[in-house]
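First, the structure itself, so that you have it in front of you.
For reference, chains read A, B, C, D, E and F in written order, and residue numbers begin at 1 within each chain.
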Amino acid sequence: MAKIGVFLSQHRNSNDTLDRLSKGSFDVVLVQNGVYCAAIKENGQSSPVLGRGTKVYAMSEDLVSRGIEPSQVASNVTVVNFDGLVDLIFNEFTKTIWL
Amino acid sequence: MGKLTIGCFSSLVGSMTLDFAVKLAEAARKKGHDVDVWLSGNGTMLAKKGQRSFKDYSALEKTITELIADGSNVVACEACAEARGIHKEDLISGLGIKSADWYLASCFSADRVVHIGGE
Amino acid sequence: MIKKIAFVVDKMPYKSESSRLTLTHAIASQTVEIHLDDGDNVEPVLAFIGEGVLNCLKNQKASEVYGVTTLESHIKNALLTDIKLLICEEDVKKYGLTEDQIIMDAEDIGADITSELVPFSEIMSAMELADHIVYS
Amino acid sequence: MIKKIAFVVDKMPYKSESSRLTLTHAIASQTVEIHLDDGDNVEPVLAFIGEGVLNCLKNQKASEVYGVTTLESHIKNALLTDIKLLICEEDVKKYGLTEDQIIMDAEDIGADITSELVPFSEIMSAMELADHIVYS
Amino acid sequence: MGKLTIGCFSSLVGSMTLDFAVKLAEAARKKGHDVDVWLSGNGTMLAKKGQRSFKDYSALEKTITELIADGSNVVACEACAEARGIHKEDLISGLGIKSADWYLASCFSADRVVHIGGE
Amino acid sequence: MAKIGVFLSQHRNSNDTLDRLSKGSFDVVLVQNGVYCAAIKENGQSSPVLGRGTKVYAMSEDLVSRGIEPSQVASNVTVVNFDGLVDLIFNEFTKTIWL
């Protein structure tokens, strides 16, 4: 699988790149303030990032730093640590983009 | 085992971006990968020696020194550093200072590149 | 003379240094007297609005992970200085948070006062009453 | 061996250093050979998407005002290196810009090639074909 | 004539925020106002002496030196600077280094405050 | 008039502070990348910042730096330079907020 790993580092995305990337060409990794997308709803709505049918990972270190336990994240999000992230980068992705 | 090149344009302290980059570098080293770290733009702030450690600020100088001792290349963009008043004598020991083509050469031989943009 | 300064945080923690710095400056009002004439002082009020309310989540572990003080501990230190601390209740609700997920007191470190969940209009009033606003 | 690197700019100029640095790095592919074995090289492609297309506006005067090279001059220098330079035409249209408001050539400094207004799909292809992406 | 205090959390070079702050300070001085400039967070990068002037980077060291010579106070947050490895001996001549309460005292006596947040 | 001068330094605003400030309590000054709001339309629409009935200023230095001539800005925007901004700060505003 030659996927692009898209690192989402912000809670609110100021660009529409995620909407434009070809379907199936990428997975999402929530990092830094992007991890809020994994657990925090806005006006009762989960983050749109979780609803696009792509695989979504979230960094455990960045979750707990911000007061969010891995048990609180949405069920379709896979929590990884830095160790797991290295494996994702080498085994699942061929390229990465940091948004 | 492969080679990971991490490029970083983002600033030190407060923005946790360099902290993220350094943690990723450490994790990759632990798994036996080769690691290059490129610091450009505000990222060159990390190159400055004599960063004082306070509890309210993340302190990365020690970790960077360990990464270098362990064989990773940590290199700052020369022009970006000089423009900020960071000269050769200001650098953390062992840290390199090069022009931007070094980063591209590092990407050339890298299996994976994680490029982290600026603020 | 007393000058009122409103410190308003509307940014998330950690990605940017803004919320941490705003807290540091609000806390610094404790020692500002040394620079002022007798009888002069600064009266601070600290408010969290918008995405800034996410600074107030309990159980932050940035210290264990990244070796840096949490915003949680910064906020508790602010409470220890008896600062008036307002958190926008509409925004807490907007992000689906409940009062028990939010730092409301710092009893564990000996603070007497608590945070106040208030409507935005009250924070707006604090900004209007302030002589200056440190907004970040 | 040739490695392809796609440099993609999606941020506005000046407020952040990102777009300027991305250009600097794209231009540096001109001299990367000195670090590589014979026959090895980097083939860059440079693309502007989203708000990033605003870097491509003509008549920038940041040099007169703030004493710093304009992104316009940076882009022209990139064209001078014969880099493939793509500008997303949907985004140019989205911001109500016309081709004559956008830097399409650098004839004035002797560049032979021009910018190409292309659909996003072509920029996506360039990213897919690239070995690495420098996205900022 | 009044007093303007400008506080800045934002970084040097690239982000044009400090450039904006410095231009505002100059314009206020020209009109006869008193000006204090407070540099905190990444803004303390501006305090570093020896910033090399390149055409691709805005260079502010000269302007800051002129502002100081003209009687303005330009002061950096001590802890923020130290955490970045910028110590007393690294500072532009005449630039002050204080704790955060200095900024509040400056605001106290200011007629107007323009506080520019961080990235 | 005891108005707050709200400095808008971004093109897309990530918070809703402008919507929440009391009507009539503030004027807007477009600075840095905020100046795009004065002239650049998005999908044919002018920036919402121009449509809220508040007085809007835009910094000429930041406009021309970005390739926008003062003649290109919307008719309800007043272009000021740094010299004019200092007068605004002292004469029209009592406080400022930087967004």
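The definition used in the following text is that contacts are C-beta pairs under 8 Å (C-beta built on N, C-alpha and C of every residue); 3 or more make two chains touch, one makes a residue touch a chain.
Note that the structure is a prediction, hence the values are computed from the model and not measured.
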{"item": "Set of chains whose contacts include both subunit D and subunit C", "value": "A, B, E, F"}
{"item": "Touch-network distance, subunit A to subunit E, counted in steps", "value": "2"}
{"item": "Equivalent interface positions on subunit B and subunit E, same or different at half", "value": "same"}
{"item": "Per Cα centroids, the chain farthest from subunit F", "value": "B"}
{"item": "Which of B-D and C-F has more C-beta pairs touching across its chains", "value": "B-D"}
{"item": "Separation of mean Cα positions, subunit F and subunit E [Å, integer]", "value": "24"}
{"item": "Distance between chain centroids, defined by C-alpha means - subunit A, subunit C (Å)", "value": "29"}
{"item": "Residues of subunit F engaged with two or more neighbouring chains", "value": "9, 12, 14, 32, 61-62, 65, 95-96, 98"}
{"item": "Residues within subunit B bordering two or more other chains", "value": "13-17, 23, 41-42, 56-57, 59, 80, 113, 115, 117-119"}
{"item": "Residues of subunit C whose C-beta touches two or more other chains", "value": "14-18, 21, 24, 51, 62, 66, 131-133, 135-136"}
{"item": "Parts of subunit A lying in touch with subunit C, wherever the complex brings them together", "value": "9-12, 32-33, 36, 40-44, 61-62, 64-69"}
{"item": "Partner subunit A, residues of subunit D touching it in the complex", "value": "8, 10, 49-51, 120, 124, 127-128, 130-133, 135-136"}
{"item": "Residue ranges of subunit D touching subunit F (in the complex, touch as defined)", "value": "12-15, 51, 54, 57-62, 64-66, 70, 72, 94-97, 101"}
{"item": "Interfacial residue positions of subunit F with respect to subunit E in the complex", "value": "7, 9, 31-32, 61-62, 65, 82-83, 85-87, 89-90, 93-96, 98"}
{"item": "Residues on subunit D engaged by subunit B in the complex (per definition of touch)", "value": "3, 5, 11, 16-18, 21-22, 24-25, 27-32, 34-36, 40, 42, 131-136"}
